[in-house]
Amino acid sequence: MEIKLLSEHYDKPEFQGLDGYKKLGGYEPLKKAFQMQPKAIIEMVKESGLRGRGGAGFPTGVKWGFLPDNGEPRYLLCNADEGEPGTFKDRLMMERAPHQLIEGMIISAFAVGSHKGYIYIRGEYNEPTAILQKAIAEAYDAGLLGKNILGSGFDFDLDVYQGAGAYICGEETGMISSLEGKKGQPKLKPPFPAVQGYLGKPTIVNNVETLAAVKYIIRDGADGYRKHGTEKSAGTKLFSVSGNVMKPGTYEVPLGYKLMDLINIECGGLKPGRKLKAVIPGGSSAPVLTAAECADATMDYENLAQKGTMLGSGAVIIIDDTNCMVDMLKVILHFYHHESCGQCTPCREGTGWLHKIVSSIYSGTGRLQDIDLIQQVADHMAGKTICALSDAAAMPAVSFVQKFRSEFEFYVREGRSKVKGAVDAQV
Amino acid sequence: MSIVKKPGAIANWYLPGIFAGMWFTLVTMIRNIFNQDKMITKNYPEDKYEYSPRFKGNHVLTVKKDGSLRCTACMLCATACPADCIKIKASEHENPAVEKYPISYEIDILRCVYCGYCEEACPVDAVRMGPEWQTPGLAGTNFSYDIQHLAYRAQLKGGVLSRVDDEERHKAGI
Amino acid sequence: MPKCKINGQEVEVEAGTTIIEAFKKLDSEIAHYCYHPGLSVAGVCRLCMVEIEGNPRLQIACNTVVQDGMVINNNSEKVKETVKWGLDFHLINHPLDCPICDQAGECELQIQYMKFGQYDPEMAEPKVKKNKVVDLGSKIVLDSERCILCSRCVRFTEEVSKTNELGIFNRGDRSEIGTFDGKPLENDYAVNTVDICPVGALTSKDFRFRQRVWYLKNKETVCPGCSTGCNVKSYYNEEGLFRVKPRQNDEVNGYWMCDKGRDTYKFVNKENRLLEPKVGQSGQWDSQEVDGVMSVMSTKIDDAVKSAGSDKVALVLTGQYTSEEYASMLSYFVGHLKSKNVYHWVNNPESFDEFDGLLLRGDRNPNTKGLLNGLDQHGITAPWSDLETKLNAGDIEVLLVAGPEDPSVFPTLTEKVSLFSKAKNLFWMSAAKTEAADSATTKTWQIPLKTYAEKEGTFVNHKGIEQKIQPMVNIVDCAQTLSEVASALSGQKVDHLGSLVKDRKTNHFINHHGGGL
Amino acid sequence: MAFSQETIEFIKKECQRYETRRSAILPCLYRAQKEDPNNQVTPEAVAEMATLMELPEVQINEVLHFYTMYNKKPVGKLHVQVCTNISCSMNGGREMAEHLCKEFNVNYEEVSSDGRYTISRVECLGSCDTAPMMQVNDKYHENLTKEEAVKLLKDM
């Protein structure tokens, strides 16, 4: 069953504006937060078990705790550079409930003691940007942003910054580089952004959904939030379901929800006559699950990690039996080849190499040893670079080749896809 | 070890040996006159031996399809040369695709030991050991072969085409 | 100070030292491209991977600080395999250009492949094509295909020269180094990017295609271009010098040198040299033998001293010679001739004290300090104007001038020669062949001197640091050092460093054929 | 082409807006692109920006070439960007792009002869539930078929 926290009022157009938002309980948690000590808020977020919703799933409260106490100005950045193929949950939130994000950000800024925040939004999102900007202007007018917010003595300025089309800016240090007006190339860690981030100052970067969820943790309390989800994966999560299902879209379900239920109940199942072949459960960088593995998969960090994949950004891509896996992998690797920032050699050269190998298989000139080569190249890319983009390219490559090896071998031997062959045979 | 035999008494009397020798010469001469194609010796310089294509004779610089030198002036031949007989001067070519080419390439053929290392060292089949071996000359300078001689001498009839083709290499992605 | 163990060897380092620096301290081999001690850490080549006990992930040595008790190795199978693949990633799109690449022979890709790689390449697909032979300015040519994007050059223009000409454009494996149109790589330190380029992507126009590097020998010496006295390596063969590269000395020049200093090999070579002694004036010159000129000089000086006193003889020195040469020349003048008629010729008084903030100084002589020390020791304080007055009054019978080694740093050479021409006899000692000297209007003897590449000695830089130079190759056989001139004049036999020798044979055979490969 | 007065004002204002002047590069490049008749950022514009912003040209140029949303080549009046990433290509995004090219007789990334269309294939635009989709200039058009897409573009 869907449990709607963040997406509760998505269907109400008035939720976009400040008045409608306030009527539906908006900015009440903020007042509550101002009654609390910032440390207490951080503790509460820690207790709630909220984990980063952007992909890595790092506990949010713990991240906030890393900030050094050195009196330097701190920045709170919202990562709205939603680039992972298959993900579109944040766009929906920014379009339907911009104030939810703004409120979450004010609370979070209060908690971490930051007085300046940026929402880094991807360049293609023109509409959400306009909506956000309008909402921010409304908030400034209502005294919800700027100096002495709601008489609490707390100052917070918020600005929107548009990216310009680079997936890598979704990586937190890449985003910081981009915000500094440089190429969006990730920075070496250590130092971590919490210590030296934007302009060398302590910086917290959180996903849109994470920041918005903070509001609900304040509203319901840590226990109230925890009652959704599982022991280790607390709360609800927005899942962007796309691909070959009847009703693709964004669905909010508690973590630990059954994957098959998500497909069959929320999304209305597959198209008639089609069979489930594979599911990518966490955006294109997550290793793929076969139909058999999907049967008992639940959508939480632990279960998916057990199955060798990850929850990622919650982008569930459903692949049915009309799709050729060689083709799918080619599309995915083209993406990573296109988006590699070019800094670290293994990723810069490896993504291109992988794409070339799969393309040559796809065009019928592949060799059988290329299939093993894909695995070898991917193995030596993963974990060898500054950021996780090379892992993101390597993981699907390895999983596709491992789990659908027969399809790749068929393609190399016959020079055509097994899928079409199978369809032909049925006809 | 050879065994030295003491010459016998007949051998000391040498005239029969001389006649035997002259008889052999006479018979061979007559046979050669009537049987010229079976003759072992050749009428050099009108007649020349056909050498095996693998014969390592005088150097040839190969050319590209457009007739320009294949040599890229990498100087690997000069480096490999044990006799130190190859001198190359490189320069920047106006065509950026060529980049580097020799403005002078000289082989001091009198120093050359015909080892063939230059041919082996060449990465682009630019220098080969050709079939010619005659190196007559009247002065020392005649034995210092320059580009004109190495690549375009009359015997080569406009140059020997290199097996390494840039276009094909580019197509193959090298 | 933290202690760590590297490949089983214990080492103690300063706090804050990175692992790669600890490796360097131990002289332990570690593969790397992007790390350069004079630049910030980029951490992009991913080759300096090390295994740290207790950490399942391999770490890069250039960005990991040594902690006390760390146990580090880079010789486990895991690391070796990673480095091998790291090299493979570097090489898959690297063209097979080595035959025409100037870097071949000193290329880090070649060196490190032989040390750490030696795998069979698996790449079967076509390589990425990029721009070749890109003109980056008057000094440097770029080949993007060869570039491994280590970003050293970009960091150099950002951090050291602070001129920001280079950038990396595009992304992924389409990334290319480049300049912005209309803002070429033209700064006084640009050629350093060629030195730090680990591959043949950046090549110096000056050196391009002139020699294969394995034909060149090198010796450590000191740049004579200015009073900074950058520590350099000169590359030469029997024909002469071909290039100059900086070598590290944190006290003097760090890792860099300026492009003006790189030109200092040129005046050493034959085409710019005075090849034999000659006598004459106003463009009319006759060849002479060294010994003959020396005895003429000796006689002229003796005559002048005898007839009119040692005041009629003067010596002009520039800051271009070694301290040893100054010492012998000055002791001849002060000790032998009892004359303090020695003058310091400052080549460019207007810009003499300039400094560009990095290395290049306005005093374009290597040993001004050495000369001043020498003059000080002998209590010589005569100002330049004295000499001018005397010359204008016709008071100088014999004038000895130790002229420029590098005439390009003497902007007022012609005026000075015409001033010197007011002496009755001019002995012009210089390594360089100059039109200015040839235009002397008084009776002049030109005597070829040795350059810094042909002699031993000491330069004292602006800070007072004494640095040795050493001979590499003889370009002009009959060239003399000032010490040799001084000894010939005083009738003593001294070696080129000024110490007395009994008998010295010159072996012309060695001079002609020595220095071969 | 020199910038208009408003753009110059805009650039100067943006330079003040962020903590560092460099941060203003991205928004200013957007502005420069918008002002260009061919909807691109030319080297001249970069040079002018560099003088206005007092930054080295190369820093701006690096940014320009890194991000895909700045056009380095002329672009038609309607810049049609068809998503061909995984969800869209499962639902016919690639075929749609192909079809548009044929329909308007233009190659990818080129301007059609009437100067109206430039069709490019792009990576995920974050609208996977409504695949296939395309972005025309600033606006998303979702849940398309080949025919609908052609009609939509012709009507614009």
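Which chain is which? They are A, B, C and D, in the order written, and residues in each are numbered from 1.
Just so it is clear, contacts are C-beta pairs under 8 Å (C-beta built on N, C-alpha and C of every residue); 3 or more make two chains touch, one makes a residue touch a chain.
Note that the structure is predicted; figures quoted are calculated from it, not measured.
Participant: Can you tell me which chain lies farthest from subunit C, using the average of the Cα atoms as each chain's centre?
Facilitator: Most remote chain from subunit C, centroid-wise, comes out as A.
Participant: When contacts are scored as defined above, which chain pair ends up with more C-beta pairs, A-D or C-D?
Facilitator: Answer to which pair has more contacts is A-D.
Participant: Roughly how far is subunit A from subunit D, centre to centre by C-alpha average, rounded to an integer in Å?
Facilitator: 24
Participant: Using mean CA coordinates as chain centres, what's the gap between subunit C and subunit D in Å?
Facilitator: 51
Participant: Can you give the whole-Å distance between the Cα centres of subunit B and subunit C?
Facilitator: Whole-Å distance between the two chain centres: 46.
Participant: Please work out the Cα centroid separation of subunit B and subunit D, and write it as a whole number of Å.
Facilitator: So the centroids are 65 Å from each other.
Participant: Which subunit C residues touch at least two other chains?
Facilitator: 125-126, 168, 170-171, in rising order.
Participant: So which bits of subunit A are touching at least two other chains?
Facilitator: 166, 183, 338-339, 341, in rising order.
Participant: Show me the residue ranges of subunit A that touch subunit C in the complex, using the header's touch definition.
Facilitator: Going through subunit A, the ones touching subunit C are 166, 168, 183, 188, 190, 337-346, 348-353, 356-357, 360, 367, 370, 373, 376, 380-381, 383-386.
Participant: Going by the contact rule at the top, pick out the subunit C residues touching subunit A in the complex.
Facilitator: Its residues touching subunit A are 41-47, 49, 57-58, 63, 81-82, 85-86, 89-90, 92-93, 122-126, 128, 148-149, 168, 170-175.
Participant: Report the residues of subunit B in contact with subunit C in the complex, numbered from low to high.
Facilitator: 72-76, 79, 90-92, 96-97, 99-100, 123-124, 172-174
Participant: Could you please specify the touching residues of subunit A with respect to subunit D in the complex?
Facilitator: Touch residues, subunit A against subunit D: 82-88, 90-91, 116, 122-127, 159, 161-167, 178-184, 198-199, 240-244, 248-250, 280, 284, 315, 317, 319, 323, 327-328, 331-332, 335, 338-339, 341.
Participant: Where on subunit D is subunit C touching in the complex?
Facilitator: Spelled out, the residues of subunit D in touch with subunit C are 43, 46-47, 56-59, 61-62, 65-66.
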